[in-house]
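Chain naming follows the written order as A, B, C, D and E, and within any one chain the residues start at number 1.
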Amino acid sequence: MSNSEHRWGMAIDLDRCTGCQACVTACHAENNLPLSDPESAAKGRAVHWIRVDRYYEGEFPNIRVKHVPVLCQQCDEAPCEPVCPVYATYHNEEGLNVQVYNRCVGTRYCGNNCPYSVRFFNWFDPVWPSPLELQHNPDVSIRMGGVMEKCTFCIQRIKRSKDDAAAESRPLKDGDVKPACVQSCPAEAMVFGDLNDPGSKVSQLAESGRATRLLEELGTKPKVFYLQKAT
Amino acid sequence: MYLNGEFRFGDARERVLRALQELRERGFAARDVDVFSNEPLEIPRDVLERRSHMSFAAVTGAVLFCVLIIGFVSFTQYSYPLITGGMPLFSFWATGVVFYEITMLGAILTTFCWFLKEAGLLRRGRPPAPDVEPGMICIRVRCRIEQSVAAQKSLEAAGATNIQSSGDAR
Amino acid sequence: MDRRNFFKIVSTASAGVAATSCGKKEALIPLLVPEHQIAPGEEQWHPSVCTECSAGCGVIVRVMEGERIVERNGQKFRERIASIKKIEGNPLDPVSSGALCARGQAAVQSLYNPDRVRGPMHRTGDRGKAAFSSMSWDDGIAAITKAISATDKSKVVFLTTAPAGSRLAGIQRFLQSIGAPAAYTSSLADFSIERQAAQAVFGWTGMPDYHVSQARYVLGVGADFLGGWVSPVYYGGQFGRFRQGRLGIRGKLVQAESRMSLTAASADEWLPVRPGFEPHLLVAVGRLLLEEKLARAAEQLPPGVTESILGADLQQLIRSTGVDPNVLRRVARELGESEAPLVIGGASVIHSNSFQAIVASHYLNIMLGNVGRRGGPQAPHPASDVAAANPNVVEALKAAQVVFLDGENPVYTLPPSSGVAAALASKTIISFGSFIDDSAAYADVILPSHHPLEAEAAVVAMVGGPATSVAVATPFVRPLYDTRPLEQTLGDIARKLNVAFEPVTAKSFVQPLLPNGETWDNVALRGGLWLEGEANAQPLKPVSKNMQWSDPTFSGDALQFPLQFQPYLSVQYHDGRGANLPWMQELPDPASSAMWGLPVEIDPKTATKLNVATGDWVRVESANGKLDAPAYVHPAALPGVVSMAIGEGHTHYGRYASGRGANPISILAPAQETSTGVLAFGATRVRVARLEQRPSELIQFSPQDREQGPWGHR
Amino acid sequence: MFGWRRRSRVFVRDAAWLFMLFAVTSRAEQPIAFPHNKHMQLGMSCIDCHIGADTRASAGIPSVRKCMFCHSKLLTNRPEIKKVIDYSNKNLEIPWVRVYGFSPGAEVKFKHAPHFRAGIGCSTCHGDLTKATVAERVVTHTMGSCLTCHRQKHATEDCAACHY
Amino acid sequence: MATLPAISSDEGIRRDLWRPLAGASSRYLIVLCVLSAVALWGLVAWGYQLYRGIGVAGIRRPVFWGFYLVDFVFWIGISHAGTLISAILRLTDAGWRKPVTRAAEAITVFALMIGGLFPIIHLGRAWLFFWLFPYPNSRLLWPNVRSPLMWDVTAISTYLTGSTIYLFLPLIPDVAQLAKRATGWRRRMYRMLSLGWTGSDREWNALESAMKLMAGIILAVAVSVHTVVAWDFSMAVAPMWHSSIFGPYFVVGAIFSGIAALLIVMALIRKTMHLEEYLTPHHFNNLAKLLLLMSLLWLYFTVAENLTAWYGNEPKEMNVFGARIRGNFGPYFWVMVLCNFVVPFVLLGIRKLRNILTATIASITVLIGMWLERFLIVVPTLSYGRLAATWGRYTPTWVEISITVATFASMGVLYLVFAKLFPIIAIWEFETQSEHED
């Protein structure tokens, strides 16, 4: 699928990440994620398209904490895609793993088949106590109940940048597109860009020795690269 | 016209067979003779052969459906070329099961239809069938008026009772 | 938001005008006239400043079309308004440098919070019962003027969270003009100890700035600078560059703290120092540096200090910290040998001797010769000092007759043991806040001021010194409700009292700081005034000569209350302000991954002793009170130290926070930091007991905190 | 928390989506019998009033003030124009009825600008307005019609081009 | 074979087998009402779920599949009773099958109807289920036949068609005879269903060969169907799902539960319809032996499945395995082993204990055990995914439980109605048999 113009990818530098979770809120703000409430959260139905997994390693006092921001890995060979009976999730020519909300019937097979468990389901129609709905981002659908949703690499931002570029009739350059999480990261731990462009920052980081991929052994070919701590 | 002969009591089956042989010797075609009973009778081929093409039909139906589904699937896959999970657009591996199932469906449906056809069920204008009670066997012979005597003889010879003729006299 | 997009920022003409249309579903709402203002699908970016904490991040705000139903002379109309969609860091602003923390981004939820105060109100029920009914602005102002004129002006206490900037200046000027004492703050997050230590050692006014990004080896002591301390955004950015920003250079961070904070979590090494023994650790390190001749600028130390450090009993010091001696020696050596060493001293958790710790950290930096240099502590910008810092707020409140609340919530942030809540019952209380929080529930009158995103402001960054860094906001959306800017209200009051008072606007605040050639309009357009280099240099030489350290004191009998209790400032709730933001409530707590409620963090040993498992409820009891909360068995908690994040446990604070969880401050003893008198909220002893019943569930986003399951092996 | 109103709306929405109906009426009773053809005969172009059509996501409906630019003086005695003036005096906008749109369940993010850039004339999707009088839907839009055109023009067939 | 009861005459057989069709006893009506009530309650629950949203069920992230899919697999498993038994026995022409076949085939059809409903019940937007069928639409979109769920759709619809026909064919002669006796609407119905069957030898021949053929085909389909159901899971990369053994494992399990269901139904019929002479201990004995065999086979597969996981000690799999064996799913697991192996082995393995009663008891435990087995396959894997941070527990709600219970009730309802309308034993087959025996 790399014959197309772009192939979006992301690099996350675990050496920079402080686990502050700014990205999580940024994602909520950008993508109209449904609000949870204590009941639904207790049922494990809180939605965070990007989450910061934290693991404790070792025992006190020689104990360390591992923070790993996990979002949809936009796998090139995504396990979630072939199992959808209605093509609600598929691969577009820019390598994005797309979820089409209005096509989804809610078999939730994709969710089971995602080893990273980054797919979230709308168990009910979302509700926002007025006037909180004023904050909705018009560029992003409000997902109806009964459909899957997940990180889109902020496709709406990609589209905006492309439209701007087209309007100014200039090519898209590296750094023009930034998903909300990348944009918000204080430590600049996340880098987003075009993997087709060998000059782009993300491609270079992906080449760097520290780059690994989550559950690489599954052969899902994720397009999110984790740069391990240098020590 | 039709001649009906009834056979009752213990050795009905043997007598029916005799009657059939008699009829065949007198040159009645197998398709002109019908045997009615309310449980399956085993009639030796040489007496009254009923050739069945059902398995052949089933296979044909299966093949037909198989071809159709393969064509249809490949059409749907290419009509909106969405590549999913790095799989090829059209792969026998991923769609084999569907092909198999639909093939089987083809076999099943043709078998059923063919059954209706061979059994002659649901067919318009079927000659009136004798009403057989349990344990009774009935032979129906289709014959032209001049043959009727011969037919009647052979039935009587076999010990048929209550021989009646029905249908227009030609 | 990169620089190209940045020029989309349009000058901040108020786009709030609305057009209305009949409420039929099919009826299409016409676009605004002129039509380029709120065209659907068109985004605008306006500069503003974040006031969720006092760091003063410059932000840019995304504005697009929104819609609401309005009542106009009995008829319902659908109104298209310019509404705020998202808040991002202002790429031009050195503090945020384009990024923003979780709480800052959630500010939009306080603007559109369903529980906002929609107009002036007066109390109808008992104090603290939060029963109010609306009133007119004139009546409200009249009531206030009556109250003020009736009282002795010295008994007027004004509490504000306003960071250094136009708002605070305006408040101070108002208080001055009516002859009232300067404004106070009651927040736990004003870091006054750090300020006073800087004052004491260098004579600096304000918060020293640490250029982490240019240091090679950082020893952080007690300062959770990536979490709740000063500005996670600013130091997060610094940290990123410190780690991977320089080709071939990777900074090493060693964090000595009494809890596994975010900073400790992302550090290369964590030294679990016993609570309150930070000074000892720092002195020990200083002693080691001097001994091993690694203190490259030892001569700059004031003589008295050197003696006192050398006079220390090293063994005893190290033993007291509870840190492995060899590790400490190694760290000291590495620190001394590093090209660009830096020591960051702070008090994320305030103990009785935190002041000494920070002072010690400054002396370490002096002996490492990095003060004012690249990668060392920098003098703050003089204008960045928040005058509101005052340890005696409790006494002031007790003595007060009229209390103004501007975003402050003393009932929540000051322990009941200090008797503040009780004292407030007999005062005239006026709140300018946007929410009915624990304290506003006591108010007689609530005169809601604009939400920061609706108002104008100029805020001097708490960090980034000595360079001038002022973030500026000018209004760009129409206020949602019947609120007024604080300056206007104060002006009206002053007029009624007929005292001369000229409100401080963002413009009038920034004007004097403008260099020649710079205009206010440009500043407003860019969203801030940022100048390189020294504003006006502050001394880099130490002015004090004394240096001592004492063991921490904890209130509560050690036998009766065997455990130490340390509340801390969390990234999501800060000092409790963030609790009414649903996004913050559902943001998994970095330590426990808890949502919609905060647990008590107990170390595994103590937990097994108490037979407590994660999710069990425990009663934390001090000599001054008790609280019930679910427990989280924290694998990295210090044995015998119980921690809890501040934020939950509001009696009143909107639907998302009211009555949820427990407030750790509520069981604190009124202990004071010995040198500064600031509330030492880490100086209380507690006992913990397991509760049989579970009033509610501990909600965790990821309950599993180890990578392998409990049955993971043959 | 889940009122029957909202639920019924959901069902209605999905039903609409099912049968590919639109949430909007094709034959709309417009508040004012606005004659598109007359205005176009006067040499005005679509963009003059729907100023977003070439550069923005939404073409935009002119505000009453825009009408008043001319009609504060022009033909003020006509009954329809009187209505316009009336709205303007009441400081109300004209509640035009939407005739083109997407079913709420479809989650389509349509932008005018890219289509304009691609040189798709307004009439392709909105019919020949030089003959039309009051606004009504003359071209039916279904996903099929969008796709067919996209295929003819070799534009993208990516679902995410419109649905996200 | 001594299976033959001392049957007086064809008339006798008819009398015995048509008796149940006659009137409806009060007991029958009561049972029917109770069961229908329960079934209706299930419908109410489903309606509520449609109205409020699928969230009223207990499923959650990461356990996206819960009771509904468990029930789905379970019922599809049950459906293997009829076809397998009757088809196998028909092909091997085992005489003793004859009184059993129709009862079994009826189970198949009804179980399939119920099982086939669950994938729809479990959809997030159930009213859009028809998007899974290929029909020309303005969106120019087709379903994705790569998805194992589409395999299910085709497999189950094929199987349902097949087994319905397979049930219907041998019914024709019986309804033809009934049509002569019955009166009123029943007569009309039977007439219609008999397709004008006259009993001519052509018809008999056609029926004969059709049945032989169908038996073969159905067998092939039946095996494939449950393999496909198994593949829903093993096609996924989830730990403990991604296993090649699942196909046969599920088929065995299906036959296992199928036989159990058949045994229970037969025992009930025997008691309630007083068909002791037709359904003799001999039949139960044979089926019981079959059940025992299946139980052993099931054990073999279960051991194979889990032992490999344990020995491999692959961490991700061990998490699931541990949870299943000694974790919070442990109790269910050991109950399952008890129900599926220990009880049948003791009750049916020991010749002295083996009788109709024990066979029925064993069958009941087996049904419970097999339901648990499906639960233990679906849920633990999802609860303990590859990334520990995403683990989560699943607890069903009243909605899921009532729908599950209701399906059992509706099975009963369907069966009662069927037994009231059609002879539960193929009369003509029986008669031919009776002739050949002497």
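In the analysis below, a residue touches a chain if its C-beta (ideal position, glycine included) is under 8 Å from a C-beta of that chain, and two chains touch if they have at least 3 such contacts.
Predicted, not measured: the structure shown is a model, and the values here were computed from it.
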Review point. To get from chain B to chain E along touching chains, fewest steps?
Key: 1
Point to revise | From chain E, the most remote chain by mean C-alpha position | key: C
Check your understanding: Going by C-alpha centres, which chain is most central here?
Key -> A
Practice item. May I ask which two chains are joined by the most contacting C-beta pairs? Key: A-C
Practice item. Compute the centre of every chain as the mean of its C-alpha atoms, then state which one is farthest from the centre of chain D. Key: B
Practice item. Measure off the straight-line distance from the CA centroid of chain A to the CA centroid of chain D, and report it in whole Å. Key: 34
**Study point:** Inter-centroid spacing, chain E versus chain C (mean Cα positions, whole Å)
**Key:** 64
Practice item. Indicate the whole-number Å distance between the mean C-alpha point of chain B and the mean C-alpha point of chain C. Key: 90
**Study point:** Per-residue overlap in chain E, given as positions that touch at least 2 other chains
**Key:** 52-53, 125, 128, 140-141, 143-144, 146, 148, 150, 388-390, 392
Practice item. Spell out, as numbers or ranges, the residues of chain D touching 2 or more other chains. Key: 2, 14, 111, 159
Revision key, fill the gap. Within chain A, the set of residues that touch 2 or more other chains is 51, 53-55, 79, 82-84, 87, 90, 103, 124-125, 139, 144-145
**Study point:** Complex contacts: residues of chain E adjacent to chain B
**Key:** 10-11, 14, 134, 140-146, 148, 150-151, 154-155, 157-158, 161-162, 165, 169, 172-173, 176-177, 180, 195-210, 213-214, 217-218, 220-221, 224, 228, 231, 428, 431-432, 435
Review point. For chain D, which residues count as touching chain A in their complex?
Key: 1-2, 6, 10, 13-14, 17, 55, 105-107, 109, 111, 113-114, 117, 156, 158-160, 163-164
Review point. Residues of chain A touching chain B in their complex?
Key: 1, 76-84, 87, 89-91, 221
Review point. Inside the complex, what are the residues of chain E that reach chain A?
Key: 52-55, 58-62, 64-65, 119, 122-125, 128-129, 131-132, 141, 143-144, 146-150, 153, 232, 235-238, 382, 385-390, 392-393
Study note, to complete from the structure: Seen from chain A, its contact residues with chain D in the complex are 87, 90, 92-93, 96, 98, 100-103, 124-125, 127, 139-141, 144-145, 152, 155-156, 159, 163, 166-167
